[in-house]
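Before we start, here is the structure in question, set down as structure tokens.
Should a chain be cited, it is by its letter among A, B, C, D and E, assigned in written order, with residues numbered from 1 in that chain.
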Amino acid sequence: MDFLSYDFLRRALSAAALAGPVCGFLGVFLTARGMAFFSDALAHTAITGVALGLLAEGAVEFWFGFALPPGLPSGLLILWCLGAAWLMASLFESARWRPDTVMAFCFTGSVAFGVLVLGKLGRYGFLEETLFGDINANSWGDVAVLGAVTMSAVIVLGRRLREFLLILLDEDLALADGIPVRRLNRILVLLVAAVVAIALKLLGALLVSALLVVPAAAARLVAPNLRLLLVFAGIGGFLGSVGGVILSFYLDLPTGPTIVLTQLALLLIALGLQPLLGHRRRSQSRGSAEATTSQSIWPSSESR
Amino acid sequence: MRNRYRILGAGFCVLLTWWAASSVGLADSLRPAHPFRVLTTIAPLYSFVKSIAGETVELANLLPQNADPHDYVLSPGDARRIAQADLIIRNGLGLEFFLEKALAEVDREKLLDASAGITPLPQWVSPGSPTGGSRAGEMPPNPHVWLDPVLAVVEVENIVRELCRRDTAKASNYRARGKLLVEELLRLDERYRHSLDPLPDKKMVSDHDAFAYLAERYGIQRVAILETRGHAGLSPKLVAWVLDSIVRNRVRALFSEVNHVSSELRSISRDSGVPIVLLDSMESGALRADLYERVAEANRQALVGAFQGDSSAHP
Amino acid sequence: MGPGSEQGSEGRSDAADVAIRRAASRPFLLRTEGIAAGYGDEAAFEEVSLEVFGREVVSLIGPNGAGKTTLLRCLAGILPLRQGRVEKAFGLRMSYLPQRLSFDRLLPVTVAEFLSLRLGRPFFRPGWAKQERVESLEELGVTSLLDRRLGELSGGERQRVFLAAALAKRPQLLLLDEPATGVDLLGAAAFDALLHRLRDRDGLGILLVSHDLHLVHHISDWVYFLNRRILASGPPKEVMREDQLAAAYQRFPHPG
Amino acid sequence: MDFLSYDFLRRALSAAALAGPVCGFLGVFLTARGMAFFSDALAHTAITGVALGLLAEGAVEFWFGFALPPGLPSGLLILWCLGAAWLMASLFESARWRPDTVMAFCFTGSVAFGVLVLGKLGRYGFLEETLFGDINANSWGDVAVLGAVTMSAVIVLGRRLREFLLILLDEDLALADGIPVRRLNRILVLLVAAVVAIALKLLGALLVSALLVVPAAAARLVAPNLRLLLVFAGIGGFLGSVGGVILSFYLDLPTGPTIVLTQLALLLIALGLQPLLGHRRRSQSRGSAEATTSQSIWPSSESR
Amino acid sequence: MGPGSEQGSEGRSDAADVAIRRAASRPFLLRTEGIAAGYGDEAAFEEVSLEVFGREVVSLIGPNGAGKTTLLRCLAGILPLRQGRVEKAFGLRMSYLPQRLSFDRLLPVTVAEFLSLRLGRPFFRPGWAKQERVESLEELGVTSLLDRRLGELSGGERQRVFLAAALAKRPQLLLLDEPATGVDLLGAAAFDALLHRLRDRDGLGILLVSHDLHLVHHISDWVYFLNRRILASGPPKEVMREDQLAAAYQRFPHPG
């Protein structure tokens, strides 16, 4: 395989292979709660994060006389995203607004503030970088951080899957079953934030939400049940992002948009597959309808 | 049973991930012998190298025609070209922001800043803004040095020196052709001087500060620059100040570039009645050896035309 | 005893008697002491003190907006208390059936998956629900719905599924908020039978909110009458005599 | 007033005064249906619109040999936005996805496609323009178009307010009452699309959703009922956008971000006012609680 | 008449008699002929032919999942028909109360505003609801809720509001899907009285879906028994005799 001889492509592929499935999986949770734009909003708050980072850099240089390394380091960006996610999660719980409203004003507010500050500082370059990202410019260090985040996401989700899914179904029921809903919600949001903070470097704020939303949306088309929804979303995320990297190499296109368009192609394929699978689902539910009519008219009388 | 397939599928994904991640350890591909590979970032540098080295080097340029260096995003092809190049010639002074990340992985030895040794001008700061004047000193440098033919000579000399050092076998060839190019550039400078010096009242309002060095060299006063690229709109105070300055200074032309005329400049042109004259910063020009001469000549004629006032649009 | 054990009237010793007998013969599960809770600044109920023991059905009746649902949500731990305290038997396992069910109707959760999640069974192999014969699922007719999606059930079918899940959890204390809403005749009968069996055979304590006074009268061991405060309590035969109820309503328009 | 002497500022003020209240009003409808990001998604599809416009321009020039006026003309942009909104509205009705999921993949898909094409064409300048817009660069023609759209929005909403609000409350109920829900939903979506297409030139895709979401979110904080919610959202939209233009002049800041930050400042003020108004609301509802307890225990027995 | 007017058995002339008398004395409102509808590819009900006249309460009973809600949604015009046709009296005004209510609970709509919208009264001056004394609002206890927000009502209060709005619309035909769900004892009694009055005084036709067979038996003029198809129909006294019903269930597991 020709493209594997380039180190930057190996990095890009590893990053895509790590981020793709985890994002797809997390996306199921986000799309089921009307938070499809969460990643998007979070990614755009990074603009304000970058702006504040630059301000802080300037302040440190001014007051203490030494220069920080330029730009907001990855570590700080992750911290920023975690903080912003925490804040938004608190606002979600305030029950005055729907989550998407909260996200929308955090989104626009951050963009407005960030753009103002970056404009005053004359550092628009960072804006571009945050909006578009560059998967071909990441280092093995980034991949390692991504790997760590992915691992922790997998571990947390794996161990708490039942709880997370119950919360997804009905928060009240989950609370009554003694599940720490608030805590798990926060954990989920922070996981997404960490993944987004890193995916940001790969795809940029404008496209990162595709990684989370599109596989889940595609999986909804073909999954007959929740288990397969989760599995399909993970697989779709993997195929879309790894396939996107490979395609972008062979077609010599920017990688980020190619990944997104590959994911969307998967969505269209799922749309095409739907009639076939829909058929299976229909016959399934027809089966259960027969079961209903074959019992006596009051459904429960047979078992008495 | 079906469940087992699902688990197998998931396991397959994990395996693929592992494979992709571990393929790092694969042996580096062997590099076959190849001609000297030079990579430039923008079209004017490409045109210089093409003039100096002709077909003797394998020359490529990063920025496709029409792309804007201020907000370009690298594609995997670009990353490959960077990885394969023996010499990367960039303009420097912050122009190639899009390269910073990618270059972090590249051997610094392979890199040449063509603008080395030039004292840069700071980026334009509007005197109309309250903090403007005091901040001039700390603004980042203006990278568009090549548009001044005299500074272009410095860049050409830098390039010739580096090529000779790297590719000693063809050094004399490079030096000879470099000399021709320098002479050509000096002739251009002469023509600029000849045609622009006699014209009075040379004032410039533009929406991209690409022509700062050129203006400095030939006595064109930059009245106002509305830097709109990559900006979230302008402050109305700045626009108002620009409108006032245009009237106060009797500016006779607004300068912009083909495909980059900002809506703000159009609006100002509409409001003030001052026409827009198109120049070319070559940033996103065609990849040809004679790009520089041709475009510089076209710019000269446009400038002369604008300042001669034969464009009778002035109210 | 009169319609309320709260009034220190002539029925005092009688009421105390009944209460003592009730407590003596049954395991203690849950007791609240003067609790209050609500939304915003306003209390939905106040000064509620009640007890639930094992092996009994305790019913909570009262008009719309009386605070019954709010009280159950408090006991289930969904809503924080404002005042008072709740004492629970050590390690008490509770199961709650909410009055309003809300979930994403587009999410493709099947009934079997929902049951797996709710009952803590293996989520990726929901076949157990068909193989094992779980009493409450069978009797409420949920077994024939296992492959259906939760979002496309009819109102009554959905209520059956949630009810069956709450019963199948086999907790020590069941909190049921209008459980038989929208369930058809035979479903309600099956539910009735199940309640009896859970109480008598399995010794569960059941706190039931219902507007079906026939059901309440017939099944309850103890009834609390709530309208922001507890206005009356006692065995159903005594609290729910029509004249007594009417009298109670006239006598306590402003409780406390 | 100093700034009124500039024509461009008069234009900007008129545009803000027209767009502000209508956007605020429309925002109430969007935020109530989990469509806070609709304007955002729509605005970003404009990137693909611009890209296709450029492609078409190139094709025309190549095949027919004459050059079209540069850029996508306003008229075409509006048409594009209307088309995209129509498509999204059809997808909303498909009932496979939540609206925000639909918007998220339309959003990222358009950005990805647009960035790819614009990148290949080397016309990123249009991307900037679409993302950021500039209220100071609009012409009286733009203002007139905005006025026309605003007028039609006001007329449609004014005449059909009851229907629109019923649909907001419960679509099934509205359908049963004989309201043409589908048609009115489409009309609403198209109105939003038209307003967004024009607001795009003022604020750009990144910020346009603020115009729609923030006033509605702020109004939710202080409005005790639906009537005042609508009124407050309109007033908030007006104050925020006109105030933003004026502030941006005096503070020498870019206008778009300043408008957004002014709107957000109003949101914060509303947050501060909330305790005061909350007090009123509390005493109100306490009143009604007294009414409940002053009836006999079964609430309806008193009236019998 | 036997439990079904569909079978051509000995009861034929009897059933026809009743049906003819029913039609003769009342204004025609709505008739369906062999209609079918459903979700996905599957029909929730098929071959349903029924009639509703003015000045009568027609009840639709059947087990959970029988298709009752689906049928009402079809008649209300929410769901498209698959087959058959619906014939309506010219200019028929209908009002529908859905089984599931869904709206944005955070939206600050007050009850008065909701009523204004639903009844087509001036939205910006909802004071009318307090000044005018609207019968159904008063009797269902909604007048005391006018300033409350729809989203913060209890389940029963909300049901009362929606029910009162549906009744207050004063249509010619009322489609009620489990209207008394969660409503307390006196609310249900008020509803019962209102139904009687709307039918007898105002001559409304009412199509009622309910699992409360006592209510159905007591109030209906005509009952349809639905389980995907109409299995039986007739006056309640005849269709709803317990032995008859049981027999009918045994006889028609697969209708048609």
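Definition applied: contacts are C-beta pairs under 8 Å (C-beta built on N, C-alpha and C of every residue); 3 or more make two chains touch, one makes a residue touch a chain.
In UniProt terms the chains read A, D = Manganese transport system membrane protein MntB; B = Manganese-binding lipoprotein MntA; C, E = Zinc import ATP-binding protein ZnuC.
In this text, all values refer to a predicted model and were calculated from it rather than measured experimentally.
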Chain-contact steps, minimal, separating chain D from chain A: 1
Farthest chain (mean CA position) relative to chain E: B
Farthest-lying chain, centroid of Cα atoms versus that of chain C: B
Distance from chain E to chain D - Cα centre to Cα centre, in angstrom: 40
Length of the line joining the C-alpha centres of chain A and chain B, rounded to whole Å: 36
Distance between the centres, which are taken as Cα means, of chain D and chain C, whole angstrom: 46
Chain A and chain E, separation of their C-alpha mean positions in angstrom: 46
Chain C: positions in contact with at least two other chains: 62-65, 104, 106, 124, 141, 152, 160, 184-187
Sequence positions of chain A contacting 2 or more other chains: 96-98, 112, 115-116, 119, 132, 220, 227, 253-254, 256, 285, 292, 295, 298-299, 301
Two or more partner chains touched - positions in chain B: 6, 71, 73, 75, 229-232
Chain A to chain D touching residues, read off their complex: 31, 34-37, 40, 44, 96-98, 100-105, 107-109, 111-113, 115-116, 119, 131-132, 206-207, 209-210, 213-214, 216-217, 220-221, 253-254, 256-258, 260-261, 264, 267
Footprint of chain B on chain A - complex, ascending: 3-10, 12-14, 16-18, 21, 112, 115-116, 119, 122, 124-125, 127-129, 132, 134, 136-140, 143, 147, 227-228, 231, 234-235, 238, 242, 245, 248-249, 252-256
Residue ranges of chain A touching chain C (in the complex, touch as defined): 32-33, 161-162, 165-166, 168-170, 172-173, 175-178, 220, 223-227, 229, 284-285, 287-288, 291-292, 295, 298-304
List of chain E residues in touch with chain A within their complex: 40-42, 62-65, 104, 106, 227-228, 231, 248-250, 252-254
In the complex, chain B residues that touch chain A: 6, 9-10, 13, 16-17, 20-21, 23-24, 26, 28-29, 70-71, 73-80, 83, 94, 97-98, 101-102, 104-105, 123, 139-140, 229-232
